[in-house]
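Next, two complexes with chain A in common: one pairs it with chain B, the other with chain C.
Coming up: the complex of A and B.
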């Protein structure tokens, strides 16, 4: 199980802060499952930044059972 | 202050100049706190005047100042607080004017409301070997980073050169601005920052604070 934490505008728009997802491949597959389960458009997810266990990652990065993945969309207001 | 003998810290801060880009939700708090901390000079720019929508969160605003320059409001306010000198003006920061406007400062503090201006600040900071204190807020969310010159950290924060802006109540800009001010003071005193080239993420709705390595 992958623990997914959301930060940034996804929290505001979709009222989602965290979820557990079954995934054994990579971030791409993880995003597809999140999109399906939470009805978040996949392009919104792909436009985010990703961190696996606190380290930068890409959509091609592998994920393993027990990983914590952060899906982050930055804010820009001042 | 940060375990530095107070008189020594005060003398050092008096010799420093801080450049603040933007005097809205973030910049008002940053400027206020640097002035109260005795920074020698603030150079600040914002091309805006106050609007009614600013009243919910912008420290420098009040009903009597609607339509007035944010920079002029800062100048008057700091004159009543401390001996901190204030220079700058009612100008929007861009890559075309930053070299001239930020000349002579010891640190760059990002209180902008758009990503493009932020990248202009990073380019200038890199060119001059200066640290950039980045901050942003939206809703109950915020983020802060201290960016070392040449690290390119801002591109990791905004990989698609875009970020969200929107309705923002009072608390997030106040907290983000205060952390920016605190980190700016730390940098001016020559101390290491715990968020150097990292990103502190803040969610006030759940009181969650997360530091990401970038």
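Coming up: the complex of A and C.
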């Protein structure tokens, strides 16, 4: 099971702060599953930044059981 | 008078010692060179303070300036500036505020207000167009900021007609070195000018007027403003992120990038960061968002504290009163933010001094009872600091530099030149580290150039390389200086990033730009040196010069506005050098330059020596960080300024 935490306006748009997702492949598959479970357009998810266990990741990065993934829609400036 | 639109052509000078009221003359040539806001204020201070003085000396000036766009309904243009010598740094400080005072000052017929001297009695000043009155403030003294403003409003001849106000709270009265000045619920927060008002026995100034402001090319101006507002409303940062998450939305990306100052700048990550994030703030506590007058962005968080709707915390406050003291109680931060505003204190400097005191206590260097993560007595401490009750509170009211002189620990005292750092941990954003170090007003993220927007918050250029960072620091410092002088909020500059770069961080183009940024240093340095090659206008991405041109009748473009910013930045530097600052003061606490933030990442510290050397070179400063004589000539800075910093023989 992968724990996914959401940040940025995406989290407000879809009212989802975190969820557990079954996935053993990569971030792309993880996003597809999130997309189907939460009805979030896949394009919206792919434009986010990803961090696996605190480290920067890409859509090709592998995920493993027990990982914690941060999905963050683009933000800037303060 | 001025031939230019956008100005009222009049500056009011008030001497509190003599109660003399006079006009302060500046020429249109000076308006062309110094524009307004913090740059015009620097020119006035340069012309009037030629030697080192104490911030509490009656000779210190409070210079309140507007910019040409103030009062003309350009987006986010209610901003006004207050400058003077800071009690915290002993150097020039400037603080920007979004309250209505600036617009009202202009409506009263003045572009700026200079206050000098010291009143024998506690007073406030009431300005109604040409009528200036000194009024007894005994009944207001001791009152908190909002209560003071309410009472001042009720004392107006027509209480229903909102008057512009600046006020101080008990902290300013009691000379807390980072006391701020409030206008409405907005603060001129940084640098301690509230204490300068307190030292002058000046509780408040109110202003009201009936003057109109001329716009030279009205139709063009109005069309541009309309498009500008539409663009800001559509842009992903100014139209979506900032209205919905406020600046607080940066907590999560700062955590992701190791930029979130934690435990007194000893780390860039906080395990419980989510509890104090903008997302949780929006989900659990946000009543609504709001903004300053004429602002289409509306980044302010309105939250409920004790059943009352009040202004919520900004990112800096959340970071520094959250992770930096190991606190994950967001409700407490909302309350402290409100208390600090009411008592009139800068949240950043209070929090930075607090985290430093906690570490001193932890290390056994100062037995003060303050512990990381222990928050039950902080409400009481905030009150005690404002009223200077007890030794611990007294020293915390002096700021971290004075505390470090008394108890040691300067290597981990989070300040630059005496002003506490903002919430960005610079070891994972080394360009921001350079900016902090060289910033004219001390540990300020904005005056430092806000390089962090390229290093992880917006774009994702390499956070750890010094390459290219000095040139970008100078470019951004100059642009922000000029935008502020024009009267606009700095948040309007975020729209300079095309939406696609922000919305698509993983696109090939964005990734290419991120990789290219460090290699663009030479090109940016060239543009810094020859801003004439930037003689263009970007009416959508950066409409500021065009808006000022239409309003005033000046002929500005990107390059010319940037040059005005450069002039301002150098003039501020010259003032600081006159006040005794040296290149040694362009420094960071040793923790940030000598200790790795991440043990396995040898680049996770600020290579300040290297960055500074390049920065001085691109700025055209000598090895001691002084603007060279040729630069002074090129920027048309005051002719005697070389003599000010090099000695009488310089000319």
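Convention: the second predicted complex is superposed on the first by the 75 of 78 C-alpha atoms of A that agree within 3 Å, B and C clash if a C-alpha of one lies under 4 Å from a C-alpha of the other, contacts with A are read in each partner's own complex, and residues count from 1 in each chain.
The definition used in the following text is that a residue touches a chain if its C-beta (ideal position, glycine included) is under 8 Å from a C-beta of that chain, and two chains touch if they have at least 3 such contacts.
Quick caveat: nothing in here was measured; it's all calculated off a predicted structure.
Aligning the two structures on chain A places chain B and chain C in clashing positions.
Touch criterion met: A:49 reaches chain B and chain C at once. In the superposition on chain A, A:59 makes contact with chain C only, not with chain B. With chain A used to align the two structures, chain B clashes with chain C at 254-262, while the other stretches in 254-262, 362-370, 380-388 or 596-604 stay clear. In the superposition on chain A, the residues of chain A contacting both chain B and chain C are 5, 7-9, 11-12, 17, 47, 49, 51, 54, 56, 70, 72, 74-78.
Only residues 5, 7-9, 11-12, 17, 46-49, 51, 54, 56, 58-59, 70, 72, 74-78 of chain A touch chain C when the two sit together in their complex.
On the chain B side of its complex with chain A, the touching residues are 22, 24-27, 110-115, 118, 135-143, 156-160, 162-166, 168, 173, 201, 203, 205-206, 208, 210, 212-214. Residues of chain A that touch chain B in their complex: 5, 7-9, 11-12, 17, 47, 49, 51, 54-56, 70, 72-78. Considering their complex, residues 236-237, 240-242, 244-245, 247, 249-250, 252-253, 256, 269, 274, 277, 279, 282-283, 314-316, 450, 453, 457-460, 491, 494, 497, 502-506 of chain C touch chain A.
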